[in-house]
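Read the structure below first, then the notes.
Note that the chains are named A, B, C, D, E, F, G and H in the order they appear, and that numbering of residues resets to 1 at the start of each chain.
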Amino acid sequence: MTQLTVYLAGQIHDNWRDDISHKVAQLNLPITFVGPQTNHDRSDDIGEAILGEQPNSYYRDNAASNINNLRTQVLMNKADVVIALFGEKYKQWNTAMDASAAVTMNKPLIIVRPKDLIHPLKELSNKANVTVETVDQAVEILKYIYE
Amino acid sequence: MTQLTVYLAGQIHDNWRDDISHKVAQLNLPITFVGPQTNHDRSDDIGEAILGEQPNSYYRDNAASNINNLRTQVLMNKADVVIALFGEKYKQWNTAMDASAAVTMNKPLIIVRPKDLIHPLKELSNKANVTVETVDQAVEILKYIYE
Amino acid sequence: MTQLTVYLAGQIHDNWRDDISHKVAQLNLPITFVGPQTNHDRSDDIGEAILGEQPNSYYRDNAASNINNLRTQVLMNKADVVIALFGEKYKQWNTAMDASAAVTMNKPLIIVRPKDLIHPLKELSNKANVTVETVDQAVEILKYIYE
Amino acid sequence: MTQLTVYLAGQIHDNWRDDISHKVAQLNLPITFVGPQTNHDRSDDIGEAILGEQPNSYYRDNAASNINNLRTQVLMNKADVVIALFGEKYKQWNTAMDASAAVTMNKPLIIVRPKDLIHPLKELSNKANVTVETVDQAVEILKYIYE
Amino acid sequence: MTQLTVYLAGQIHDNWRDDISHKVAQLNLPITFVGPQTNHDRSDDIGEAILGEQPNSYYRDNAASNINNLRTQVLMNKADVVIALFGEKYKQWNTAMDASAAVTMNKPLIIVRPKDLIHPLKELSNKANVTVETVDQAVEILKYIYE
Amino acid sequence: MTQLTVYLAGQIHDNWRDDISHKVAQLNLPITFVGPQTNHDRSDDIGEAILGEQPNSYYRDNAASNINNLRTQVLMNKADVVIALFGEKYKQWNTAMDASAAVTMNKPLIIVRPKDLIHPLKELSNKANVTVETVDQAVEILKYIYE
Amino acid sequence: MTQLTVYLAGQIHDNWRDDISHKVAQLNLPITFVGPQTNHDRSDDIGEAILGEQPNSYYRDNAASNINNLRTQVLMNKADVVIALFGEKYKQWNTAMDASAAVTMNKPLIIVRPKDLIHPLKELSNKANVTVETVDQAVEILKYIYE
Amino acid sequence: MTQLTVYLAGQIHDNWRDDISHKVAQLNLPITFVGPQTNHDRSDDIGEAILGEQPNSYYRDNAASNINNLRTQVLMNKADVVIALFGEKYKQWNTAMDASAAVTMNKPLIIVRPKDLIHPLKELSNKANVTVETVDQAVEILKYIYE
């Protein structure tokens, strides 16, 4: 069976990635999952942790995003499919950024979002291959690729 | 002087595009501005206006984004520079989508956003060429290209 | 106003191209239309007309498609938008070929097709930016780009 | 020997894919075959099966093609060669779409079609690397790559 | 009418380029022709003329090809169509190089060659859009683009 | 050590490919060699062998080059390096075609040619990474990549 | 005559750009020259001039390079040819950066450098189309394109 | 864990590459390192060693850079990440060339440089994903990709 790498873009405040990878493992699909740093503090601190203390919070954020963007670029370049999950909270512009980059690089995109977000996500949903409401639906799509 | 086309991505709730194009006209720079439909109702209605009534609000939104995305793709393909403005209100995921598409297509990107948005926009700002806080700063950058 | 070139792919058995270009001219939009040879006999004969008599009808067809494909490639490379019209008659695989090539080259695509063709065209419609039923709707979309 | 992945585009109404993969297996060629969902009902139902009931048959078709197009895009991105089979029945515009996408992405293309389809397929045949009449001929070409 | 630029690759030992441009001018087609340096001595001398005397004939040739290749790259990047003429004399590997580069860059290619060269040119002809035997036939194809 | 695939373009009239692969095997370099059909009669006959008898020698050649070009495209897409060997005999335009395609696709190119061919190959040599006179030198370059 | 845009990369400490554009103007060549900000203080100050005072000299430099890189990207995207001049003084890594970006984007590159720099520039010279020692030689090459 | 290949660009006068690969090995990260010839004399001599004696030191350098650039192109095409180290000594324009090529090819770039080089490297640092001062910091970034 064809090996696939799937990048999981989106919030890092609950364990939705584990949920997907667990369900896919149960289905015995040959899929490797990659994604951002999911430890939120580590993600915010990584700039100063590696580059040293920065002059202010603006530069602290910039230092962290330098390294987080490098990580995303390395791993998304490896991805065959991107799943981007949007939730109720946070601005999630980095999720939109990753989703749009995927589409522009001709990588198939699945968006997962609750019904409440239909209107604000309509342009991005329209560019995605498929938009679903639950991670289980995303897993069903991955499963369908192998049927 | 080199002719440039600049795509103005972002919210359509005030006249920031007119502000930029007016200031650039006063500087006599050979720049053509393009951008999305700025009449908000027209933008939301365009799907049903052209494709006819849709079964529900989800499909109404999808019909509109079909046509708005086509417009954006046509005009952004023409653009030499993209300016993306983020504000306090709305989800603005389509703005993030346009900004990320620009970067991925090797089109130079200027982000305009208020200080309050530093943290949530940090990854996208990090990918942009320059992030500023006012449209006047964006105009100064355009002017600098011609110095 | 931004100059656009629109390639009109599809059948050459009625004057739908004139219909579009006439309506666009009345709207004073700065659009240049290009497309295939619309004289059907000329299109089928062009291989032998230029390359000389061929051994049989297979090679006659191949000679014609050599030259018709060159024409399409030259003009579609120039296009900012592609409109592909499907009708009730003929196989129209060259129309599907042009439409798919447009999407793959990141050129915005509008499909025009009657309701009866919803099912067989569903995959291609899904890849197009917009699918409409009449050339008037396609003209409205072109007009919307300039609003 | 070089591992190759071959995408088998075309109708899903008989077992031509099994025929090819069986013959290639007998030749011990290191080729992996991928392709669309070949269960026709499953292919038509997959939209509603995953996304839920749709308002009408148009949206039912659109939901299915969302997911079928994602599958095709994932697997065709992996392919080194595309074989597209055309038959007497059906519109087969999705087959033409896949074949044209392959050519545009610089993927070598073999078309299999009966003699009767020479004329309507002439432009697409002209863009393909080779056009043959039987799947056995396509297998011979795959075999020749390894001679 | 759509402006086109046509690169004329091939031997520089007779005036075939003037022949084509003269005939196209009589047809009032909006085509600009570009091509290599057609003064043979100038083409061979240009390296030493600009870079100074070289240590031996190998480096003399290398210096000239530096500058001739730059010229070809600049002008072929501008071209919408490439016409490559092969004749009885000379190795003409630079013509084959230009023709193959054109095809690989998705630029439509017309080959002009005498019948005697069918066999040695068969792979390159097979990649070209059209192969003809006379420059008049190439002019007819250019004319056909504008019909 | 990094696995590499090397495409060996050029004449098929002596065993230079075996010479290279034998020497590389003795050096234990992890290189896979691919290339065209080296049985000359098989290469010329393959069109009619698979597609059936053709109307004349022109179409016989065209049928063969259809299939040989497919083979080359499949295998060159897999290649990390291309070695193109030119000799005293034959037109070798297909070798020039493969070499130019490699350069245009950003694949590193080594040309092997005798001193007598310096002048006619000067433009193509200038585009290649390195030009040498013997296959032993080409092997030394491959060895150097692994030092 | 074909209009060309030439980007002039390199040091901004003397008037070599004026020298080139003056000589080209005297030759009546239809060439537009673009390049970096040549006022050195303005170039170093532009970050703080537009973005405001920065916390330290590192961030001051970073702010300036944000805007200077945007300018370079906009104008180099427009360029048909890049001329990169290296001199005795300064590190000139931005010149090497621009020259390498040009080559990687398939833009023809002319390097101008004194003889003393042959050894340290050997890899970059090897990637350039032509390396010369004086701006007059670069002008001669531009002139040759139009002969 | 995802396998990565990292190209180590920069000076070859101390053992910084061994330092990185040793530390990464201790971390058990599945990373393969590639890079230029690190034997300085071998790197300078390789042209004459393979191509024979050259007429003067200019051509000796050119012959060496032919082969060193081929090696770099082969291995950088394989790389998922590029680390470019700049030091106090030497012009290091080939390092800048490799770093800029990496960015232009969408390969993530980490620059390692001492504080003294902040100003002259500011444009290239601005294009890199991250700039650090020690190889240990670069190793921490590689480690972070796998967290």
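The rule we apply is simple: contacts are C-beta pairs under 8 Å (C-beta built on N, C-alpha and C of every residue); 3 or more make two chains touch, one makes a residue touch a chain.
Per UniProt, the chains are A, B, C, D, E, F, G, H = YtoQ family protein.
The shown structure was predicted, so the numbers you read here are calculated from the model rather than taken from an experiment.
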{"item": "Graph distance between chain A and chain D, where chains that touch are linked", "value": "1"}
{"item": "Rotational angle, Cα trace of chain A fitted to chain H, multiple of 5°", "value": "90"}
{"item": "Selected from G-H, A-H or E-F, interface repeating A-D by over half of its contact pairs", "value": "A-H"}
{"item": "Centre-to-centre distance between chain E and chain A (centres being mean Cα positions), rounded to whole Å", "value": "49"}
{"item": "Where chain A and chain C are represented by their mean Cα positions, the distance between them in whole Å", "value": "38"}
{"item": "Rounded Å distance, chain D centre to chain F centre (Cα mean)", "value": "30"}
{"item": "Of all residues in chain H, the ones touching two or more other chains", "value": "66, 69"}
{"item": "Each pair of chains that touches, named by its two labels", "value": "A-B, A-D, A-G, A-H, B-C, B-D, B-G, C-D, C-E, C-F, D-F, E-F, E-G, E-H, F-H, G-H"}
{"item": "Residues of chain A touching chain D in the complex", "value": "2, 4, 80-81, 106, 108, 110, 129-130, 132, 137, 140-141, 144-145, 147"}
{"item": "Chain H partner contacts - residues on chain G that touch it in the complex", "value": "57-58, 61-62, 64-66, 68-69, 72, 86, 90-94, 96-101, 103-105, 117-127"}
{"item": "Chain F contact footprint on chain H (complex, rising order)", "value": "5, 32, 34, 37, 39, 42, 46, 49-51, 66-67, 69-71, 73-75, 77-78"}
{"item": "Footprint of chain E on chain H - complex, ascending", "value": "55-56, 59"}
